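Note that the chains take the letters A, B, C and D in the order they are written out, and that residue 1 is the start of every chain.
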Amino acid sequence: MRRAPEMNVQEWLNTDHPIRQADLAGRVVVLYAFQMLCPGCVHHATPQIEKIQKKFADSDDVRVIGLHAVFEHHEVMTPEALRVYVHENRLSFPIGIDARDAGERIPKTMAAYDMQGTPTIILIDKNGFVRARIFGLADELDLGVAIGKLTAEPAGEQATGADLGADQPAANRGCSTS
Amino acid sequence: MRRAPEMNVQEWLNTDHPIRQADLAGRVVVLYAFQMLCPGCVHHATPQIEKIQKKFADSDDVRVIGLHAVFEHHEVMTPEALRVYVHENRLSFPIGIDARDAGERIPKTMAAYDMQGTPTIILIDKNGFVRARIFGLADELDLGVAIGKLTAEPAGEQATGADLGADQPAANRGCSTS
Amino acid sequence: MRRAPEMNVQEWLNTDHPIRQADLAGRVVVLYAFQMLCPGCVHHATPQIEKIQKKFADSDDVRVIGLHAVFEHHEVMTPEALRVYVHENRLSFPIGIDARDAGERIPKTMAAYDMQGTPTIILIDKNGFVRARIFGLADELDLGVAIGKLTAEPAGEQATGADLGADQPAANRGCSTS
Amino acid sequence: MRRAPEMNVQEWLNTDHPIRQADLAGRVVVLYAFQMLCPGCVHHATPQIEKIQKKFADSDDVRVIGLHAVFEHHEVMTPEALRVYVHENRLSFPIGIDARDAGERIPKTMAAYDMQGTPTIILIDKNGFVRARIFGLADELDLGVAIGKLTAEPAGEQATGADLGADQPAANRGCSTS
């Protein structure tokens, strides 16, 4: 059980102000790390996340946040290309572009969360603790159950709940950093 | 908010003893009412329920219970035919055949729960209260969230939670009793 | 390459007169053998066949014919039950109930066509020759290509075309007679 | 009925020599015009076309050819980005990058074929005539039937066949040039 690290973002889309962990206190956060040309993200995870966003759009319980965590083909998955992707696919949740040091392959937030690749879904509870980290193609029922559990937990306490997610078997993996 | 009525079952499949509400205390119950020849049950809800059964098979948190609630074509949806359906589709959860008075169209448990048709999914919380009644084709994410919430609630208290489900829009309805 | 045997049917649904091979000359025939409680038929093949029926409903090129070929659980897959299945699923193509001798497990048309189980799709060309026999879950693209080829062949000639279909791998099989 | 115009391509992927109409004589051609960031292409048409490619990979009957016909967001759908898309999605058919005059929005081959947007599938018969032009999300059964018909037609004759495809209803459209 660890506190969710702060995101280190170079530019935000779909929001007019940066998002900090402090802004998210009391809410369950679905943090979705993707790459716009990763097939597992495009075909499976992005539509799933957009569905979660729509389900909870009018609720205060859950916040969906995207993270464009590019660790390969940096030269074509640019901010300019991402804006086209977001526009064409009509994505409505806020998306941060993960910051990266010159010469580094893995961007900073991705490293801080120890992500193994994309798609990765991180579930953060109301008290700011990381409760699930799912690398690969997540099952919708599993995701729903985990999100439902976290929304039912009380806020304002020291988190004690168990880890709710797990990386998927290799056959359902996405694009791996290793 | 009301207590889940006792099921009135003429015969049980996939279990060697009848199931009473008292046996279920402390667990979230997914009660699935279906007819073996209702297309919405066969194509949509039964596979979904079997998936929920598999996900929670090794857990004490959730119990899946089927109810064969025949309100039409009684002459062909017989217990004998149901046993073939259950065998061919390898359904593993316990299934009660809803009892029916001679001359009545609607069987007894279906009436006691005020069900409008099939498929209907009833979610019962750990304290035995009906918390959702979904008639029609349920969304898997919605189902997951609702089940997850109920599993996270503490047992042994007076239920206070809100209703978690709703009947589906007409386009997603199944076979209606009216 | 062999001529399609005559169907031996005890009762027809969705048509007011029996269908003989002679009635079908000049048309491509999609003959679909199924059982109403065979999961591979219900979940995969029947919706596919109904889609083919709808696509060619206004055309003279293709005729879709169902065959209820019951080789197991005869006591519950009765004509009465089949009529409910056809009504509930709104099937619109003509369906023959395969005739069966007392004491025999395999019905007569099924035996005459050497079918291995259900679902089986038989494609018959304009000249009355069996050109494909697909046991198991057929791929829609494959089916389309085979049907398209047969519709483009001229009628009134000795058939010379190759066999267009094949039984599916074991993983995609349906309910087998053996 | 018109002859398929020559493609005007600035660079080819997945082939070591340019493809000319003369090279395709005697074969049915599935020409697939797409944009790598057009959602209808990515989610629907590209997987369908790759499936057709695999089905006919060992056959001489059908050739699948891609055309990257970019008419919007040229600055991000570059040849470099396309190569990443092709690699990540493991596309195996030859793909031409449609040539474009400086200052023009619509590329040359797209204009020569009067395409309305992406995805567009053009079917060309063995004699080099355009027989179908489908703009939008094509149905797999329809595609199969049309391809099957064209493969069954004799080569070396003046084409006389009817048009086999049609643009899809607006609800199934992709990205339009207008």
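The criterion applied here is as follows: a residue touches a chain if its C-beta (ideal position, glycine included) is under 8 Å from a C-beta of that chain, and two chains touch if they have at least 3 such contacts.
None of the values given here were measured: they were computed from a predicted structure.
Colleague: If we look at chain C and chain D, which chains touch each of them?
Modeller: none
Colleague: Which chain maximises the distance between its CA centroid and that of chain D?
Modeller: So the farthest one, by centre of C-alpha atoms, is B.
Colleague: Where chain A and chain B touch, do the two copies share over half of their residue numbers, giving same, or under half, giving different?
Modeller: Copies use mostly the same positions to touch.
Colleague: Report the inter-centroid distance (CA atoms only) between chain A and chain B in whole Å.
Modeller: Chain A and chain B have C-alpha centres separated by 34 Å.
Colleague: Per the centroid of Cα atoms for each chain, what is the distance between chain B and chain D, given in Å?
Modeller: Whole-Å distance between the two chain centres: 49.
Colleague: At which residue positions does chain A touch at least two other chains?
Modeller: none
Colleague: Drawing the touching chains as a network, do you get a line, a ring, a star, a complete graph or other?
Modeller: Per interface graph, the chains form a ring.
Colleague: Spell out the residues on chain D that touch chain A in their complex, using ranges where they run on.
Modeller: 37-39, 42-43, 73, 75-78, 80-81, 84-85, 88-89, 175
Colleague: Quick one: which bits of chain B touch chain A in the complex? Just the residue numbers, please.
Modeller: Interface residues on chain B, with respect to chain A: 51-52, 55, 140-153.
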